[in-house]
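Both of the next two complexes hold subunit A, though its partner changes from subunit B to subunit C.
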Partner chain A sequence: MESRLDRFTYDDAIVRKFVTATIVWGVVAMLAGLLLATQLAVPQMNLGLPFTSFGRLRPLHTNAAIFAFAGNAIFSAVYYSSQRLLKARMFSDRLSAFHFWGWQAIIVAAAVTLPLGFTQAKEYAELEWPIDIAIAVVWIAFAVNFFGTIAKRRERHLYVALWFYIASIVTVAVLHVFNSMALPAGWLKSYSVYAGVQDAFMQWWYGHNAVAFFLTTPFLGLMYYFLPKAAERPVYSYKLSILHFWSLVFIYIWAGPHHLHYTALPEWASTLGMIFSVMLWMPSWGGMINGLLTLRGAWGKVATDPVLKFFVVGITFYGMSTFEGPLLSIKSVNALAHYTDWIIAHVHSGALGWNGFMTFGMLYWLTPRLFQTSKLWSQRLAAAHFWVGTVGMLLYIVAMYTSGVTQGLMWLAFDKTGRLSYPDFVETVVRIIPMYWVRAVGGALYLTGVLMGSFNIFMTWRSRPKTYEEIIVEAAPLGPDNLPKRAEPTALEKAGVHVFGRKIDYFTEANWHRLWERKPFKFTVWVTIAVLVASGFEVLPTFLIRSNVPSIASVKPYTPLELMGRDIYIAEGCYNCHSQMVRPLRAETERYGEYSKAGEFVYDHPFQWGSRRIGPDLARLGGKYPHLWHVRHMENPRDINPQSIMPTYAWLLSDDIDFSVVQQRVDAMAMLGVPYGDAVLTAEKTAREQASLIAREIEEQRGPAGLGGKQIVALIAYMQRLGVDIRTPVAEPSSPTANANKQGASK
Partner chain B sequence: MSSTSHGDDHVYDGIRELDNPMPTWWVALWFVTIAFSYFYVVHMGEDGSGVLDAYKVAVNEQAARDAAAALALGDVSESSLAVLGKDPATMTQARAKFVSTCSVCHGERGEGGIGPNLTDRYWKNCEGDLVGIHRTIDLGVPTRGMPAWGKQLDPIEVRKLAAYVGTLAGTNAEGGKAPEGHEVAVRK
Partner chain C sequence: MKLSDVVSHAGLAFYAEVALVIFAAVFLSVVAYLFIRGSDLQTLAALPLADDVAAKVEVKQS
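Up next, the complex of A and B:
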């Protein structure tokens, strides 16, 4: 065996690239976040420009934080640790470079298109279809490179970190492909192939599992490599690794519907989402326990080593947010928390605490090694970063809890006569503005910490050697896998697995798993099966069983102009502040009107239910205000409502509707099965007619003249349509609408 | 190392993997969550325990409360509203409410803006009678942008506002919006 050793090098240059990108995008993402935070406290910070308004920038912030900052951190971890765990250089340097530059190009494309209003309007999946395709291509390149490296490995068994990487790579691909299915209607415009309830279901199956397989499993892999390395302690429990790995992979997938409690989603799905979230608590904590117990005997080191400090707090935040997740998935807790800042607190304890701190722990350990300087430029600056970051994060999270619970309780509060205590929505906004300031301060502190870290790493980089030393590694080649028995206790094999007791032994000793670890293909297939089976059980019934989306006869497709208005609503990112989903809670139906029914959304490609109510729900907006009210309100919300924090949208009064694309968009909708009938032939003409009709009505209301071709008119057409289809028309008491209403109310 | 340890083959890039048993409390809590889920599903299977059932109960309770309150307040009538309009203290209160709630659309003095002028003698939705004004405010004109205030305000508040709007009629506020609807002769 020791006869012949391979001599090779690891590709650390690619890791250095990913590390640099992590830091740069981290700063960008957090700067965007800070701007958004101040915009909510001072709406003038929207600057009155389309590109800088909250609705367009918020997706930029989330995408940058998740895919640019955390993404590049993951790739740094994967490229550094996999090569060493597999004792092999990456499969192809070309693919590595393609992966790196491709990913950065995607991020730049996102940073350009999102502020310009090109979006698919599904959270964390906003990027338009050409970029979606690019993501798939780059991801496949990454997968080939990664699995190629596994194929040429010199280590027989796959270490637990690699299991997590495998699960992440496979599942993210599946999620991305299925959720992003869209029909193009132009180069940077498309409509989700799913509508309404189904689109919502797909989106939150994706959204939830993006948290699982982009922000959790890869970071657990990172933890399993860098934590024992930094602590110089053995990993606590192999069996715990196995159990929490497989249970995470299988159970996570089911939990998505907890994002849609009390919505028009069928209740069975919501219940499934809740119970699987509850059962997910311990599997998540398995990772935390294995991490923290790995530090047994190293706690003295934690007190002095900033790397371990970051890891310990990061893992603790992981534990906190994975306890909070199941809690928030309990329906009655969710009734209070959903749509409020509590969720913002929750995701930031994950993002800042877990992803952020794990990333910086890794970077502080990694960069002196990558830059071949024996140590970090300043340990004290790193420790200062730790404290500033921790304080900033705590301020942020406490502020958002306070604001979330406060606003949630205000929305639900009734006075003694049973009327809403705070019928005016803005009252509930004004109350939390002080918390928005605290959040902004907390965020600024956290960012300060990140800047300190960037400077520290920059200074470390400056003392690098002139040329990096190419370190030669030696390892024996693997050869054919003709030793399947070697890892088994031979006694077991001899006795034969037919003996029941032996079988149990085989199972509890995890020997079966030990076998899988030497068979990456089999391992990957099982992970894929776990993910697909769980997804199938969860998602398919909503598509296959018609009774899950009872149709409502009076619900008709949007007119061409309304569709254009809806596209403006999407482009401006109104869904980032407004929901369109009235929950069946009396506090909501009193405030907004009849609760939303599944059948109302059958033509909504994509759905626009929203996830946070910074402004009020708009599901029943149609007819609530005269056109002129909307003109004034969009021009400057503070003219109508002095305390409003909504951005101004004055450009909608001067920008023209692009009538030339109307036909194309209606055609795309028709192709998706929206029954336009003959109307599809005259889309542009119909749109123009409706636009001039509304413009005339605005003039009659003594509003400004000449709005006929302006975007505001299309948006108003859409807003006036919202929720009116199921309203009983006063004039025709025996219309099908009345029946639909009755059915809805009695179910 | 005292902990149970694998042989050398559980070492990866210098990281050793121990095989300690899983913490008992961890396993136990996991079973508890699984048991909870089981009982939850069984319970939710029962009739009347769904989200919409709870909603219906809440709506019925409120209907009962509203009915009791309506009985206590007595009927809405021209005379009961007129009485409110004659009390200066009540009208001062109502004016404040009007300014804070209605002026966005009707102007501070009722001169009109997004909504119609309330200080002329033209009406779109009633004959200028207090009961009719009350009905408009209470139920709104949903198709034309006048909100239904009965859903948001206390019933007594709506009555006071109706009485207040009644006092505005014919005051012809300066800079008022052009009349809408039909003219109604002076009453009283």
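Up next, the complex of A and C:
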């Protein structure tokens, strides 16, 4: 018998690498977050530089928090726990190394390109196409490595944590591929192949499921493995964990449209998103209760063990966020909360509470084991981290709730005469600035905790042995699969009846499910099918059924110069502070004008609806102010509006428009089906003409001379176009591409 | 004639609701199965605890 046991080792070196990366990027992500928080309280903190301005840095913060910090945490968990649960070393050490270094290279590429303004402008999917391709390649390497390990496993049953990993790996791949479809228009520039409503739908199908399959399912896998380990007892109910898994696969995938309530999204999609979101509440709480009850009888340990403290609070925050999410997806609540800081509170209770605390719980459990030091450098410092982090997080979240509800109510408020109580947007900003200070303090505390944790882990690492011991493990290889035997023929069957009855019996005995758990390939295929089918049913109708996006004859493509201006708007990340979507609520139509229609966005590759109104909506901006107003406002918003918190954009007045790329960009748009007609041949000339026209008008308004070739002019061209088409009677030439427009319209 | 012309005229708009019902039904049957029949799962639940303790046999200095 003995001779039949395999001897092997686990690869812990790779886990040590991922753990280190988790900590490093966690600090970077939170530093960026803290800088952004102070920028909103003191706009001078934008430092007057392009790379440090809010619109460019915010994507860096979110990407670093999600893909660098949480991402490396996930990989640490997957590489550590999968090897042990499968009783096998990772499939290929080379692939592990490729995965690790590839992923870090992607993060570095993100950290360089985002501040430089290279972005696809879709939240949490901002990275430009070459990086997107790299992500796909690295992800596939990860998948091969992971499934390869499953293939050579020595434990037949797949523990539930592994299911969560499988679902995550498969779904993230699907999401990334479909949402990132873009047509390149240069090395670091591309346009989403989808436009307007469809692009928005794709984006939030992606965005929401990234929350589900990047920030939830892998962390649940982490929880189902590391919590029992730390508590030294099995999970409270395995049944509940199965239920938890399938509910996420079957229900979560539908919930995306709740990000787009009251927008130009078709009503049915929005309602569907709401129903499924509300349905998610119960299984999520099932998961939370399952986690907490795992500690039954071990609460004494919680008081002394920082690992369990982090887990308990992490799981509690999972419960809070998964209660709040369904609440926010109810349309009437959403009308108040959307575009406000309430959403920021929500995501941070998830990110800081759930992802952050689960990560640190895991790290504190892992480090003494990985660095073979028998214990953490200081339990007391870890406990201090816990308390500082918890207080910081609570301050952060309470501040953002207060700010969100306050601003939301102010936007909706009418006075006795039926007019908006706070018609001046900036009033609603000034009111919440104190909360921005509280948030910055809370964030700083949380970061302090993280620094304490990093130091603690660093000191633990310092007392590691000179060489790590390699532990040799033995386990029997998988023999031939002994399937659960079908029940012995029953009395009835012996009597010659009921083949069918036996089948039913087989089904209800649940053996099929246990079989699945042993057949990872089948299991993966079915998860993938469930995800694809749900996504297809949800997303395709907006593409294929016309009535979902009624067209509007007066809506025309952007002129070449406007397109360039739009690209500047995208590069500067204005969408991080400004929406372009007037909801059909009286408070909004009073404030901004006619509500937005689906047909207005058919040429918007990518859409720019935004998700947070730190500044006012811009969908109806065109014609509201003279050009010169914009010049002065962009140069320094506080010259016009002393209380504004918008960053200065003075460089737009001195940086040149790159006319050499105009043609390329218009061509790309034309390839995507935007009807440019003949204008496609003279894009650069048309752009230059319109630019000098606007520059002349600025001079006539007694503004600075010589802006003709400057970026500000392109941006102004774009801003003056926003929301104008819908007011224009059909076929009235109003722009240099009028000819092209006519052709487009006659199609 | 584009694909969207065909699909637009096929009267499929209600399909999303049908899919909703199917997904809800499948999900509810998983729930039902688990609660009526969840057979012995304790051995599975113990998997993470079984891993390194029992398996460790010797230590190699590397």
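Note that in this section the second predicted complex is superposed on the first by the 696 of 747 C-alpha atoms of A that agree within 3 Å, B and C clash if a C-alpha of one lies under 4 Å from a C-alpha of the other, contacts with A are read in each partner's own complex, and residues count from 1 in each chain.
Definition applied: a contact is a pair of C-beta atoms (placed from the backbone, for glycine too) under 8 Å apart; a residue touches a chain by one contact, two chains touch by 3 or more.
All figures in this text were calculated on a predicted structure; none of them were measured in a lab.
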Do subunit B and subunit C fit side by side on subunit A in the superposed arrangement, or is it a clash? clash
First (subunit B), second (subunit C), both or neither touched by A:F310: neither
Which superposed partner A:E474 touches (first subunit B, second subunit C, both, neither): second
With both complexes superposed on chain A, which partner does A:F543 reach: first (subunit B), second (subunit C), both or neither? second
State whether A:W204 touches subunit B only (first), subunit C only (second), both chains, or neither. neither
One more residue to check, A:Y238. First (subunit B), second (subunit C), both or neither? both
Which partner chains sit in contact with A:Q701 here, subunit B, subunit C, both or neither? Use first/second/both/neither. first
Quick one: classify A:Y595 as touching subunit B (first), subunit C (second), both or neither. first
When the two structures are overlaid on chain A, which partner does A:R84 contact: first (subunit B), second (subunit C), both, or neither? both
After lining up the shared chain so the two structures overlap, which partner does A:V278 touch, if you call subunit B first and subunit C second: first, second, both or neither? first
Common ground on subunit A, meaning residues reached by subunit C in one complex and by subunit B in the other: 81, 84-85, 87, 155, 157, 159-160, 225, 228-229, 234-235, 238-239, 243, 275-276, 279
In their complex, what parts of subunit A are in touch with subunit B? 81, 84-85, 87, 155-157, 159-160, 225, 228-229, 234-241, 243, 262, 267, 270-271, 274-276, 278-279, 281-283, 285-286, 289, 293, 326, 331, 415, 417-420, 423-424, 487, 584-586, 589-590, 595, 623-629, 632, 640-641, 701-702, 727, 730, 747
Okay, in this complex, where on subunit C does subunit A touch? 3-5, 7-8, 12-13, 15-17, 19-20, 23-24, 26-27, 30-31, 33-39, 41-42, 44-49, 51-52, 55-62
For the subunit A and subunit C complex, residues of the former touching the latter: 7, 9, 81, 84-85, 87, 155, 157, 159-161, 224-225, 228-229, 232-235, 238-239, 242-243, 246-247, 250-251, 254, 268-269, 272, 275-276, 279, 467-475, 508-510, 513-514, 517, 533-534, 537-538, 541, 543-547
Residue ranges of subunit B in contact with subunit A within the complex: 1, 3, 5-6, 9-10, 12-23, 26-27, 29-30, 33-34, 36-37, 40-41, 44, 50-52, 55, 58-59, 61-62, 65-66, 69, 104-105, 114-115, 142-145, 147, 151-155, 177-178
